[in-house]
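Please find the structures below.
Look at the two complexes coming up: chain A is in both, with chain B in one and chain C in the other.
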Partner chain A sequence: MTNYGLVIDQERCIGCQACAVSCKQENNVPMGQFWNRVLTEGGDKIDTPSGGYPEDGGSGSLDMEYQPTACQHCENAPCVKVCPVNATYTRDDGIVEIDYDKCIGCRYCMAACPYNARVFNWDEPEQMPEEGTGDVAARPQGVVEKCTFCSHRVDEGLDPACVVNCPADARIFGDLDDEGSTVSKYINEYETDQLLEDRGTDPKTHYISGEMSPGRPQTSDKMESELDDVSPWSDGTEDVPSEAGGSDSSGSGGSHHSIEGDADPHVPAVGSGGDD
Partner chain B sequence: MTDDDGVYRRDVLKASGAAAALGLGGGEFFQTLVESGDGTGPSNRDSGIESYVGQNEVIQTVCSPNCRGKCPIDVHVRDGQVKKVEPHPPEDEQYKRACVLGLSHTQRVYDPTRLKYPMKRTDWSPDEPNPDGRGPDAAFERVSWDEALDLVADKMQSLKADFGPESVLFHVGFGNYGQSGTAFSRLASLFGSTQPASTIDTNVGRGFNRVTGTGFYLPSTNEAEDWENANTIIVWGSDLFSSQFQMDASEVLDAVENGAKLVVVDPVYTTTASKADLWLPVKPGKDVHLALAMMHTVFEDGTYDEQFLRQRTTGPALVRKDTGDLLKSSTVFDDGSDDQVVAVEQGSNTAVELEPETDGPYALFGEFTVDGIECETALTRLRDHVADYAPSEVAEQTGVDAENIRTAVRWLATRGPGGIAPSYALGRYKHGHIFGQTYAMLMGLTGDYGRHGNIHAHHSGGATLSTGGWSTPEDADPGPSVRFSDYPDAMIDGDPHKVRAVYSIESNMMGNQFPDRQRFREAIKSLEMFVVADMHHTDTVQHADIIFPVPHWFEQEDIVSSWGSHPHISYRHKVQEPMWEARDDYYAIRGLAERLGFGDYFPETKRELLRELASRDDAIDFETLSEQGTQKKQNIPIVKFTDAFPTDTGRIKMYDDDAPSEEGVTFDLPRPLEDRTADDYEKADEYPLMFMQKHSRFRIHSQYEMLNWVREVNPEPQLDIHPSDAKARGIEDGEYVRVYNDRGEMIVKAKYNEAFQPGLVNTDQGWWSRDYIAGHHNDLTHNEVSEVGQTMAFYDVRVEVEPAPDDVDTDKYEADNPRGAGADAPRAGGD
Partner chain C sequence: MNNPQQPRLTPIDEWEDEATAMLDGVEYNTELGLRMARDAIRVSNGELSDAEFHEKYHEEVLAEFGEDERPTKPEGFDDD
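Up next is the complex of A and B:
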């Protein structure tokens, strides 16, 4: 069976907000609402570190990391359990989705979600431009909405918008039940965390931190399963680490050219780069 | 929203939903529903989520502000409206990219700040300009394009007749990387108007140029695809994961993933610093000291690249002790040249001419007597010069731990290819050119030129369309140039000559991007005519007499140079026709050319212009470019600096006997010189805090200020301040503060931020006047430039901060509006 999941490499994430805004655009998310928030792990506010500025000229204790956070598409989704009208449900492919026509706006699911991933349209949703954006219809006032893993795209073989638009190649989407998929390989290869694991929700969003992965360079909006070659410029070499070659860092990242450090490449003369 | 049978799906589902909801509240109901959910839930395709996937018309075009991206993008249009933007992989698809700003054009294209119609300031006329009517309260009336162009052309002609064509300034910024600027310069050259000379961000490049013969803005560096080959990357004064390199962040991350060491030198703990292996928290203005300490370490460790120094630098060249000049070949050899310099061969002590790109057993260090002239090698001079800058000696002054200084440069010197990626920020200190000189020489010591994995700037060179001098026709008699920084003198005092009218395109500089804003505003008030063309109602537009409304990029066909970016030229296809009466800059330029008698010099349509310009670049084929949307320029080298350097000797200058000097300091060797960062600066006590205006990921200069999606994340200008500095002034986190110096003030919200060094405060740049409670960050900056660097020193500024007065009106950020100041409606939209 297909079981979709997402890997987010926090070592690669640069907090640029492209995923957050792409999500709003693609999913016609109303002003004032976010389905996908880029949280700062560090200080109290966005883009601030924890710790204190070093007083001794050393690197000190400052620390900052970004944690993009949206619906975690939990295997044991508390929101699904509490929904009194079956509006929130888990699809056969693992995506947790809301039937907005069934939603009665009781917001039990919001209380149940430990990730604060859901928003409620208290008012008539406002879009800018007002005709709306992206590729799904706007939701009405009085319903709860949230990340769908862009199920409308996934159904057409396309990656979620946040994945396609990540400039750091920090987001990888795919089938957790397919051992050959990049998400599965990364979850086997790296120490990945799920948020609030102790809640037993078993999220299908996994975070890498502590060691940087090669990412998955996107040169198409298609899902990995729709492509013949994961990395179109990888010259056919493996782009993701295999379990066998796991500890051999030179074996990963097939897109990286191997060039001797001291080689003096023969290339044409330097043009004046950009003085005009 | 109908199914095939015409029944409204929504109504059907609503009905069933209502029925299901009847049991709400029943004790057993929850369980029943949950248990039956799996079996009776909707299938994947019947969720009630209405999808439009596949229904969009997709047009490939390009985002082209003055940032590093120039990202090829796909624009999705449905029902006649732009619905979304996605990145489009260019011809070389590894350069696929886009950022949060480019992805948000969906909002920018329809933003209420868009200019709709040609406008005239109500109380302006060619003979009675009423300059005091300019500014925040100016009112405008709609005019026809013909009327607007007639007014401008007639005024230009009368000024030309009375005061000469140089009394008109054709000012062009960098806000639109199409070819309008080329046509604009052509008209300026034909008319004989004054043309601008950039004094923004040229400091570091000028210093680098003194050493290598290349560089004006930042020097060129290996193209982005090569960065992953670096083994050590020292990012210096650049938050490249937030600004400039953001779209190619993946390249640096790949290098790090491959094992490269990432060092960040910055007084701020930036996003980039948070990813670094080592962060050097340098004090503002002490970068040259730090780089000299790194040179000291390289000499002390003996880790300099001897072969590189002999083959590609003047390190072995002899310096005369009597004059300090380099010993010339013509002095030693009968057939020697005045350009070439002389070294001695190790052992035999024979004098030999140093040819470019030639290795030999040249002595790198030592004193020698040639033809009775006492000399020492250039490298000896440099080594002796940096002897005073041991890491332990500069640690306190620079604020950086000595061992960390050594570690950083040891990685650079011993781990194979790498480089230093400075930003323009270093050049935003008055004497920033010295840093350019210093790091160029440091990389000469470590031999980091001409190899894969070398890095010399925080963005690459990209590709520029070569238009073969089209902007200056052979029969034209171009007028003089005036530096940006000299505009006010020219406008107010007539120095070097009186500028009486300005026609400005692609620029929000007069209202926003230039420092010492009040002085520039005063200068504008001395004009008889100020014509501004723009997409949006900027601060600059608000000061105009005549407004030309320019369409959004999606409404202009153009060829985009990927300057500072990727090695492609891109075709900016129109996504839609210009809205309202907005017209391409070329429409106005050609319209004016006709009225000024130069109509024959300009092709009738933009398409013809683009064909003509593309035909001048041998690496580009118009049809291919237009069809593919991007064309990779095959003559752009991926690795730079592989041949003789364009210096007199063909070599990197490790000693400069022809160096400029300023304020009593000569730059034969890198010598630190500071302005307001100096510890003994005269007003340091009065204004104890250094003030910078960091580039953020949320704006490109003042472009994209209006994006509502972005403003939800980043709603208003703030002052980043270390809590210790804030508390010492009784300032609470989130409280509004007054930031001031002897030029002006601004009122913004204080943001406690441990990332900022005590003594340094920051407001991200790009905010417009309307975003501030009062004032503007450029009311605090000054317009003093160094003679050598000739670059506006935006960060070399001192301020003091205090709690804002109690009576300031902060309603615009407290009116439950998640988008903050977007609230202020534009005044000259045209409706």
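Up next is the complex of A and C:
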């Protein structure tokens, strides 16, 4: 069964907020609200580092670290368990979603979410431009809303907007139940953490830190799960599906590169293109 | 960065204050919401089963919302 999840390489994240902006645009998120944002660790403000510049020949302690955060689409989601009207639910593919027609705005789910990933529409939502943005209808006043892993895109075979628009290739989306998927390979190969693991929520977002991964080039506008023969680590020349039945059983010319600890960071190929 | 509407990570010892603030002004029972939120995390932790959680709050949820559609309902559970 499909079980969608996300890997975020914090060593690749440059804190540019492109994921936050593209999420806001794609999902028609109202003014003043964010479903997805990049937190800064250390400094007092969003763009200030911790520590200080070197003084008097010292080494200094300047440091800037980023923590991209959104709904973690938990396996054991407390928000789902508390919803008295079953407005918050887990789809068969693991995505936690809200039925806005059912939501009564009790905010019990917000209180139960350890990640503060949900926002409440206190007022009539305002969009800029007024007609809204992206491909998702605006949610009404008085409901709770949050990241959906761009389920409307996933249903069309597309990666979430934050993944496609990450200029650092720091985000990888795919099927956690498929051992051959890139997300699974990354989780197996790299040291990954889940946020607030002690809560037992088993988030489907995994964070790489300590060692930079090769990153994942956007090979096309289709999700990897629909491109069986695409190597996510190829140099771009092999980034097209081969003809069905045309595989070489000898394995020569195989396109699947292994992830090496000293692999070069990915440099996006010119013209590889997103989908928007 | 301190806007309670925005996602961030909250240390467990500060969670209760934030949860209380989130529920402030809600037209439903805020104290019930706080208790259920706390126990929902205990369910995630494995300290409480889905069935125990459901039964513990079923009467109160029914009284407050007039329905109890939580997915934690055990098989064969009598709604009445």
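Note that in this section the second predicted complex is superposed on the first by the 223 of 276 C-alpha atoms of A that agree within 3 Å, B and C clash if a C-alpha of one lies under 4 Å from a C-alpha of the other, contacts with A are read in each partner's own complex, and residues count from 1 in each chain.
Note that a contact is a pair of C-beta atoms (placed from the backbone, for glycine too) under 8 Å apart; a residue touches a chain by one contact, two chains touch by 3 or more.
Since we're looking at a predicted model, the values are computed, not measured.
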Name the contact category of A:Asp169: first (chain B only), second (chain C only), both, or neither. first
Quick one: classify A:Leu39 as touching chain B (first), chain C (second), both or neither. second
Is A:Asp93 touching anything from chain B or chain C once the two structures are fitted on A? First, second, both or neither. first
Output check: A:Val80 vs chain B and chain C. Expected answer is one of first, second, both, neither. What do you get? both
Check the residue A:Leu195 against both partner chains and state whether it touches chain B (first), chain C (second), both, or neither. second
With both structures fitted on chain A, tell me whether chain B or chain C touches more of chain A's residues. B
After superposition on the shared chain, which partner residues are touched by A:Gly15: those of chain B (first), chain C (second), both, or neither? first
With the two complexes superposed on chain A, say which partner A:Ile104 touches: chain B (first), chain C (second), both, or neither. both
Which residues form the common part of the chain A surface touched by chain B and by chain C? 32, 34, 45-46, 80-86, 89-90, 104, 106
Using the touch rule from the top, collect the residues of chain A that touch chain C in their complex. 32-37, 39-40, 45-46, 67, 69-70, 74, 76-86, 89-90, 104-108, 110-112, 114-117, 119-120, 195-196, 198-202
Quick check on the complex: what are the chain A residues that touch chain B? 11-12, 14-18, 20-22, 24-26, 31-32, 34, 38, 42-43, 45-54, 56-60, 62-65, 80-87, 89-93, 97, 99-104, 106, 128-129, 131-137, 148, 151-153, 155-156, 158, 161, 164-165, 167-169, 212-215, 217-221, 232-233, 249, 252-253, 255-257, 259, 261-276
Of all residues in chain C, which touch chain A in the complex? 1, 4-10, 12, 15, 18-19, 22-23, 26-28, 33-34, 36-37, 40-41, 43-46, 50, 53, 61, 64-65, 67-72
